[in-house]
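Okay, so chain A shows up in both of these, paired with chain B first and chain C after.
Take a look at the complex of A and B:
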C-alpha cells in the first residue's frame, strides 16, 4: 500500500509543511497590519482635536464641534470636517470626562437596545432601517427637514432625542421604529454617540451622502 | 433520529446524537424566526412592539450560529472514536457540558424573547443582550460557552493523543483551537465603534471564511472516505492543500470588511486582493468531490449513503456559488461602496451559510442515522428527496429575490439619493423591493416546507430502511439492498 510519491506535488508531507508556512505567514502579516491599524483607529486625545490634527476616530469632545461631510479633492471622496464650536444640548464646553461618560453611556444603550439588529452602523447590522453612520447629518433633522417641527424642538439634537424616546409616535413611514424604553438621559447619550460616529473618517462611506435632498454638505 | 433504538456502541457517538437532536430543533427556530422577520418586511404592524423585528432577527441568526456549532461539535464526537479507534476520553464530562450548554441556551432564548432589551448600562451587557450582531448572547453566556468549548477541546485533544491521531484529526484539532480562541476577540466592551467592529470581524470573518471552512474541508474529506470509500492518503493530502489555500486567502481576506469602518485605506488593496482569491479553494473543494465521485464510480463502488452524499454535493456547489460567486460579486471596494449594508449582503449571507455549512451538517445527520440504525445501504426516500429539493430551491429563490432587492437598493438609495433616511425609504418602497420581499417570503415558506420533509425523513428513514434490510436478508439474502423497497 505504501506508495512512494513520485514528486513533491503528490507528497502529503510537502503540503502539510506548506500549509503550516502559509498559515503562519498570513497570521503574522495580519497581526502586523493590525498593530498598525489599532493605534490609527483608537480615539485621539482632546488636545489633538484642539490642535486640529488629522485623525480617523476623534475623541468624545468632538460633540462640542460642528461636523460636516465634504468632498476632498485629494482623496476623491467626502470626509468629515470638524469645524468651529457648536452647542450640543445648549453647551459647547463638555469636559473630557463628561464627553467620555456621555459617549460610553450612549454606546452601552445602543448595545442594550440592540439598534444594530434593525439598523446598520458603519454599514454593518440589520437592513430593516436606515444606515446610521451619518444619521447625525441627515437632512430630515435639519431646520429644512420635518422633524424639528414634528417634535416641537429647535435643534437637531433635541429633535433626535425626542424621537428616540417615543419613535412610534413620530412616524414618517409605515415601517415604524418601536419604543425601546429609552430614557431622556439615554436618548441624549445616544445622540452624542451618533454625532461622534458621524465624525469618524470612513473613507467616503456612504458615498455622495444626501446627494438629492440637502446637498452633499448637509447643513 | 429521536427514537431510543440505537446500534451505536461508542458513548461518544451517543453524545453526538444528542448534539444533533438539539441542532435540528434550533434549525427549526432559525427558520421560524426568519419567517416572522420576513413577514414584518411586508406587514410592518405584524407583532409590532410585541416581538419586534430586532428580536426576530436576533433569534434567527443566533439560532443559526448555535445550531451549526452544535452540529459541528456533534460531528466531531461522532467521528472521534472511528478515527482514534478508542472511546472518547472524558466522555462523562462531555455529557455534563452538553446539558449545561443546552440549559444556558434555553435561558438566553427566553431572555431574548421575554425581557428583550435592558437599560443602557453594563449590567444589560452581562445579563440580557450584548447587542453585537451574531454575538448577542450576554456576557455570562459567553463565559459559559468558552468553558464548555474548552472542555470539548480537552476531550478531542486527549483522545487524539491517546488513540490514533490521523491527518484529518490533526487538521481538526488545530482548527478547533483557533476557532475557539477567536471567540475571545468578541468579548469586551469599548465605546469606540470602529474598534468594536474591527475585532468583531475577527470573530465573524475568521470563523466563516477561515476556520469553519477548514472544518468543512476536513469533514467533507472524512465523509468521502465514509460514503465513497475514497483513498485516505489522497484525501488527507487534499485537505492540507485546501487548508493552505483557505488560510492563505481567508486570513488576509479579512480586509474586505475594513474598507469603511474607520480603518486606513491600505485595507482596500489588501482586502480586495486576498478576498478575490477566496473562491479558488472553494472551486478546489468542488472539484475534489466531483473527481472522487467520478473515480469511485469508475470502480463500480456503490455510494453507501446516497442522501448524505447528495448533501455533500449541495455543500460543495452551494459553497462555491454562495460564498465564492456571490461573495466575489461585492468584495471589491469599488463595488462594495455601493452594496455595503444593502440587501446584497444577506443575499450572499443566506446562500453561503446554507451551501457551506447547513448542507454539510445535514449530510452528517444522515451519516449519524445510518450509524445509529446500522444500515448498510442508505437510499433516498421520497421525503428525503422532497427535503433536499425544496430546501435548496427555497434558499436559491430567496437569494435571487434578495439579489434583485440589493441591486435596486444600491442604485436608488446608495447611488441616486446618497444613503439618507429618505433615500433608504425611496428604495424600500419601490416596486422592485416590494416584489422581491414578497418572493423572499414565498421562498421562505418553500424552505420551511423542505424542512418539514427533512425532519420527517430524519425521524423515519432509519427504522424504515432497517426493516427493509431485515426483510430483504431473510427473503433473499442475495437481493441488492433497496430492492426490497417495492416488496
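Take a look at the complex of A and C:
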C-alpha cells in the first residue's frame, strides 16, 4: 500500500496517548517516591539510637543526648551529630514514654500558639521570624551567646524556656516576639520539641545556617 | 558528571540524586523516549489509513 504523507500532530489519538503516558508515569513515580521516602522520614526507636544506627529522625529519647552540628565533607553540608548523654532540665534519663509525652506536649503547644504564623519549622510556616529547624543549635543560646546571661540561666534549655515564657522581656531582635502566655511546663515541652527537631537530619537544611555570621562553625 | 553517593540510606531515588544529569537522563529515558514510539506508531497507523478517533 502506498504511504500517504501525513502529520501526526493533528491526531487526537496521539495526543491522548501521550498525555496518558506522561500523566500515568508521573503519577506512578510520585507514588514510588512517597513509598521510598516514608520509611526514611519515620521516627526511629530508642534501641536504634542506642545501637548508633544511621537515621534521619531520631526517637524522642534524643533529648537525653548532646547534639552538635558538624560539617560532613563527604555530604558537603553540616549534619546533626548525636553525642554523649547530656542533662536536659537536670535529667538525662527520660524514658521513651516520658520523652514522647514531652515532645507531643511541645508539638501541641507549638500548634496551639500558632508559632508557624511567624516562624518556619522544617521550612513550613511564615517568613517573618527565624526558621526554628535548628534553633536548638544556635550558638546564641550557648554559653558563648547573649541569651543565657540575659535570662540569668546556666543552660541552653533553661535560657530558651525562660525566653519563651516572657519573650518581650528579652528584646534580642528588631522584630519582637509577642507574649503568648506560655506556661513553664509548655515552655519546657516546646524546648524539648525544638531539641528533637534540631537532631533531624535535613540534608543541610536550612542551607547556610552554619555559615551565617554568628552561626554554628561561622567562618 | 556523576557525583558520589552521599545519601543517609541507599535507595533508588538516592542513586538518581547524584548530580544534575542523573535525574534528567532517567526521566528522559522513562518518559520522553517512549513518546517517540507513540509518535511513530501513530504515524504508521495514519499512513495505513486507519481513522483517527
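Annotations for the structure displayed:
Just so it is clear, the second predicted complex is superposed on the first by the 198 of 219 C-alpha atoms of A that agree within 3 Å, B and C clash if a C-alpha of one lies under 4 Å from a C-alpha of the other, contacts with A are read in each partner's own complex, and residues count from 1 in each chain.
One rule holds for everything that comes next: a residue touches a chain if its C-beta (ideal position, glycine included) is under 8 Å from a C-beta of that chain, and two chains touch if they have at least 3 such contacts.
The model shown is predicted, which means the values in this text are computed figures rather than measured ones.
In the overlay built on the shared chain, the residue A:8 is in contact with chain C alone; chain B does not reach it. Shared-chain residue A:209: touches chain B; no touch with chain C.
Of the two partner chains, chain B and chain C are each touched by A:26. With both structures placed on the common chain, the touch criterion links A:76 to chain C but leaves chain B unconnected. After superposition on the shared chain, chain A has more residues touched by B, the comparison being chain B against chain C.
Shared-chain residue A:199: touches no atom of chain B or chain C. In the superposition on chain A, A:40 contacts both chain B and chain C. By the touch criterion stated above, A:54 is placed in contact with chain C alone, chain B being left untouched.
Residue contacts after overlaying the shared chain place A:109 against chain B, while chain C stays out of touching range.
Looking at the shared chain after the overlay, A:18 reaches both chain B and chain C. Residue overlap on chain A between the chain B contacts of one complex and the chain C contacts of the other covers 3, 10-12, 18, 22, 26, 29, 33, 36-37, 40, 56, 201. By the touch rule above, chain B contacts chain A in their complex via residues 37, 40-41, 44-45, 48-49, 52-55, 57-58, 117-122, 124-125, 128-133, 136, 167, 189-198, 200, 233, 236-237, 240-241, 243-244, 247-248, 251-252, 254, 257-268, 270, 337-338, 340-343, 345-346, 414-425, 428-429.
Across the complex, chain A meets chain C through its residues 1, 3-4, 6, 8, 10-14, 17-18, 21-22, 25-26, 29, 32-33, 36-37, 40, 54-56, 74-76, 201.
Within the complex, the chain C residues that touch chain A are 4, 6, 8-9, 11-13, 30-31, 34-35, 38-39, 42-43, 45-49, 52-53. For chain A in complex with chain B, the touching residues are 3, 10-12, 15-16, 18-19, 22-23, 26-27, 29-30, 33-34, 36-38, 40-43, 56-57, 60, 100, 103-118, 120-131, 133-135, 138-140, 168, 172-176, 178-183, 186, 189-190, 193, 197, 200-214, 216.
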